[in-house]
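The structure appears below as structure tokens.
Labels for the chains are A, B, C and D, by order of writing; each one numbers its residues from 1.
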């Protein structure tokens, strides 16, 4: 059982590092080439979500990504430590309606004052909706340190 | 100050992941393109050394790599938890003499019984010699958990 | 791969050619580009995504934001994309119903409401 | 980039063309190749490293091991390498004094003691 753990400060640039690591380890674990794009996207979404929440609530804490290559599965867990909110995964119809709304949908907890582009941000639940639309095996559970663990599994 | 921490089980494949991460974070931290090969090689040597020592002494412990992008410097620390030995950094003449010796030089602690290629291994001190020949700013200090921290710094 | 951006006019349309990765790291630059174009009076945009390697929901948010901005001026935002892996994320989020998606710049430029 | 290996004969020499990365992960396969060649009676080897992207001390160890094996049969192991970043590690470790390093396969194949 091979394990890689990655912890990073809440910066967008590190989301790229996380995607890069996830794809490299997934490939080596035997995840199908055709599925690597899905791994990259899903891990990126989970990490972007965690980075946004950390910037808003606990910018000094590190986001954690764990990659485990078990017998027949490659499992990625992304853990944030932001206080849990009533984040809703929007329905697809609601996502489509964002384009018509005057604002960018339900507020995502405290806003990150430095990030002007958050104005255009889809609500954080959209990231989770993408993950759930993309990955067959996803679990979202409370994490001991506050926040949640997004656990995604792919066959190898 | 951006921080990335990588922990991995003592497998050769993960050394590649560590090189990949070090190069990506170094580039983003502003380390000169011409120096990235040096970062890749030096971080790879430090991690290979740690992986060999862990396999021999504590195969269940994770090797740790910390990458810190400080104001004017990019700093990588590779920490192993193997019991400290009297590992010698061989002189360059000694490395050259390896080719003439009947064996592969001083034994590297307990041998890893699975790894036939260890027969051809240069002694672990060679990795440190390469790092010291390559990187201007290197520090090797005892780590609290046993083992050492190899700390390498590059300007950004 | 970093983001690349270039713009050109084709008749009354402005074509924005995007390459590389549109993600949480680069999306702010795409947003800035779209905001600048609208501030500059360009309300009919064609975003050519054929050279995009990666798109995540942050990128989608910026495209949706661009659409809202041009609509405020009765404008349009059309996408050019034939790459299955990029189309997939529009499909998953239902945004294929929101954006007109074309298979070539020529088709997008000549399209009317 | 993974390791690629191919071998061919040129006169009494055996040329081993290596590509990709020779590191702690792939070095065992290069070692196996060299061991097999010697077991097969090939004692005059030319290792062409022109397509090698990465070489670390584990890779050096395998090359040194190969040299020891062919020497036991009065053989030779010559390297072909003109890439500065690869040559650097031979220089740092003093192994430029141990391996004959040539700038082309033709030169290595025609070299004599």
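In this text, a residue touches a chain if its C-beta (ideal position, glycine included) is under 8 Å from a C-beta of that chain, and two chains touch if they have at least 3 such contacts.
Keep in mind that what you see is a predicted model, and the values were worked out from it rather than measured.
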| item | value |
| --- | --- |
| Any chain in contact with chain B as well as chain C | A |
| Chain C and chain D: spacing of chain centres that average the CA atoms, whole Å | 51 |
| Approximate Å spacing (C-alpha centroids) for the pair chain B, chain D | 23 |
| Centre distance in Å when chain A and chain D are each reduced to the mean of their C-alpha atoms | 45 |
| Residues of chain C touching at least two other chains | none |
| Residues of chain A touching at least two other chains | 13, 16 |
| Pairwise chain contacts under the document criterion | A-B, A-C, B-D |
| Partner chain B, residues of chain A touching it in the complex | 1-9, 11, 13-14, 16-17, 20-21, 24-25, 28, 62 |
| Interface residues, chain A side, partner chain C - complex | 12-13, 15-16, 19, 37, 40-41, 44-45, 48, 51-52, 92-93, 95-96, 98-99, 104, 115-117, 119-122, 126-127, 129-130, 133-134 |
| For the chain C and chain A complex, residues of the former touching the latter | 21, 23-25, 27-28, 31, 54, 56-58, 60-62, 64-68, 71, 85, 88-89, 92-95, 97-98 |
